[in-house]
Amino acid sequence: MNKQVERKGKYLIEEVRRTQVPYGSLAVWFLGQESVIIKGDGVTVYIDPYVSPNLDRTFPAPISPEDITNADVCLITHDHDDHLDKGTIPQLVNHNPAVKIMAPAMCEPQLKELGVNPEQFLMAAEGQWTSFGPKLRVLPIAAAHEEMVRGEQGNPHYVGYILELNGVKLYHAGDTVLFPELVEALSSHQIDLAMLPINGRDYFRNARNLAGNMSYREAAEFAAVADFETVIPLHYDLFAGNAENPGYFVDYMYKHFPEQKFHVMARAERFVYVSAKAFLEKE
Amino acid sequence: MNKQVERKGKYLIEEVRRTQVPYGSLAVWFLGQESVIIKGDGVTVYIDPYVSPNLDRTFPAPISPEDITNADVCLITHDHDDHLDKGTIPQLVNHNPAVKIMAPAMCEPQLKELGVNPEQFLMAAEGQWTSFGPKLRVLPIAAAHEEMVRGEQGNPHYVGYILELNGVKLYHAGDTVLFPELVEALSSHQIDLAMLPINGRDYFRNARNLAGNMSYREAAEFAAVADFETVIPLHYDLFAGNAENPGYFVDYMYKHFPEQKFHVMARAERFVYVSAKAFLEKE
Amino acid sequence: MNKQVERKGKYLIEEVRRTQVPYGSLAVWFLGQESVIIKGDGVTVYIDPYVSPNLDRTFPAPISPEDITNADVCLITHDHDDHLDKGTIPQLVNHNPAVKIMAPAMCEPQLKELGVNPEQFLMAAEGQWTSFGPKLRVLPIAAAHEEMVRGEQGNPHYVGYILELNGVKLYHAGDTVLFPELVEALSSHQIDLAMLPINGRDYFRNARNLAGNMSYREAAEFAAVADFETVIPLHYDLFAGNAENPGYFVDYMYKHFPEQKFHVMARAERFVYVSAKAFLEKE
């Protein structure tokens, strides 16, 4: 069976289901933009699943909403269409009645309209660890896309997440630019694997109402400064007018931080991240 | 301890010593150019160790020859200085008396002068599997750098190697251009992890007596055509006049083969390669 | 009138007609691949006009064959479709009865079939200056695409051209790789403006029967070594499977030869090349 078939639809989901990684590692699947599946210790997490059909995409999603039958947890970073996907959420809750969905407070009404019931929903509480059973805990981190926006209760509209799962600390930035508090906060966390947008922002995208993110330069430097063990670029592949070349990320990293580990995901790749501490005999 | 210290000298060697990876995976360390350490199932293999001091290098080797105290097997692809290193071999055989060294037949006299004794040396016999104990077997593959050159007995002067170790099939191409027999041969092997040079060749480098290799375009397409599960680019970082930008490899891959898995190594990175078949429950 | 309209069809041709550049300069229009219009001292030269409709092109030609009504001279470098265009030549000779067409000897039968009459045709005689009236003279230079091929009379199948016009010496390389005689010959000519292919060549393109050219690295180094005052890259834009990124040419030039002048043409741009000697007061 070739690569194209293998990593699509039910075959991909079956690969997720069968994958069991040792302690200190996580399996990651890349579905495009910031959409990823994370699995470790038997727990399957979807972050910003964005897989409904859409002609504006440069390539079709490797899975369809109805393929998602294995979600334990779903994390939503903000309410934009490519993160909180109106075409995906209804089927996801339908096929995964036990799923827990965490999102910024301001997403709650919309998620409920899409069929998320009160027992399924958890508000992303900035700076507060939430446990999802005994194996996974999650810490929402306020993000600025491009502005830091807060609701009346002070809850951020945009967040990223730190996950602790299977001995690995993973940071998914969501959509965000960099700001001092973010760099400072992340630097204190000894992140193993960071997943960062690299598409940047500029005057003309702003003029087209596209809110921006950190650039590939900022992502590379953020990784080096915050001492992320490994960094994966996201958010560069899906929309022609808001894309970036991951080769530039690699070029920049190679020139400026040749000792910084990174990985560029192939489409729908299963990447097994092995943390620096894993697979080492005790000293 | 920061990245720079951690991955150098005896610290790096200690990391190699302590690393034990599960079945279906291999640990790989990148020392620059085509110099790598491979470890799996308790067996440590050096390929083209090139770590003696040299002012022409763009960066110092992460380890020194005297640091190599853990070599079970050493594979040499050809007799050029950056592959058969006169500064490394004497210390390597000195500190690793039980090491086995495989190289093209034409390297034998030179290796013996450098202190390799007859029990340590094995000729790279094209197309013949050689077992190094019960865990590792190695298949030399004739290479063309840029010409296919054979000695009087017909033995190739340039080789690459296929290794079977810990359930993984790894191909290290050595220095080579592509030719039909190579593409055909490798296509039949179901390689998991291929390590390929990407620096290319051209008129002016030939005029400076630099024999060339496949280019990043050829390496990317080779990976796709021969169905390598994952490909790692090599031979682009060490000499200013014969370098290549790994970002171009990524750009080309992303544009033309977005589903092809690859990994670009950070300097002295420990990369744990997990084959597609590993960490999967039985069906 | 915006750029898109201005630089198309009869508007572009009208721009060519109206353009008059001072002594020591030439106007150049870039039509894609190696297709260019050169004008100086009232003489209009087409080189490899390739403008007939073709669905394989990544963009339509800025002009159509019937737009060409101003050709004094047409130079053909070899008989491949994207240089000797069966869709362009018949209309070109039809609308420009006084045009002179120079091409390698082996193209003569094909050109005659396409309607070129004996008075219009001139054989490209290697190493021999031919005058086209009192203002323009042309020197064919043997090329190797990728092989140097000669007919029974010894005439090369592939050529480039040196033009002397309006006080400027221009070299259009046609399709060629580099070889010692070419580098040597060009080094002796004090070329002002060189136009060189940059798409390179590789195993897989050869396997698809695509003959290759010098790469962007070779073109950059050729310019520096042969002391071209300015170099323009060609042959990178028109066919997806045989393209190159002109940014890599710029990147390489900037890193290795930061003082070498070059210009990357916009599509259908009118570039006025001003030689280093022009527009200088007498000392």
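Letters A, B and C name the chains as they come in the text, with residue numbers starting at 1 for each one.
The rule we apply is simple: a contact is a pair of C-beta atoms (placed from the backbone, for glycine too) under 8 Å apart; a residue touches a chain by one contact, two chains touch by 3 or more.
Small disclaimer: the values here were computed from a predicted structure and weren't measured.
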- Touching both chain A and chain B (chains): none
- Query: Same or different for chain B and chain C, when you check if over half of the residue numbers at their contact belong to both copies?
  - Reply: same
- Query: Roughly how far is chain A from chain B, going centre to centre by Cα mean, in whole Å?
  - Reply: 34
- Cα-centroid distance, chain A relative to chain C, in whole angstrom: 49
- Note on the structure: Cα centre of chain B to Cα centre of chain C, whole Å, reads 43
- Task: Two or more other chains in contact with one residue: find those residues in chain B.
- Result: 245, 248, 251
- Message: Per the contact definition, I'd like the list of chain B residues that touch chain A in the complex.
- Response: 2-4, 7, 15, 17-22, 25, 27, 59, 227, 237, 245-252, 254, 258-264, 266-272, 274, 276, 278-281, 283
- Message: Under the stated contact criterion, what part of chain B meets chain C in this complex?
- Response: 177-180, 183, 200, 202-204, 207, 214-215, 217-218, 221-222, 225, 245, 248, 251
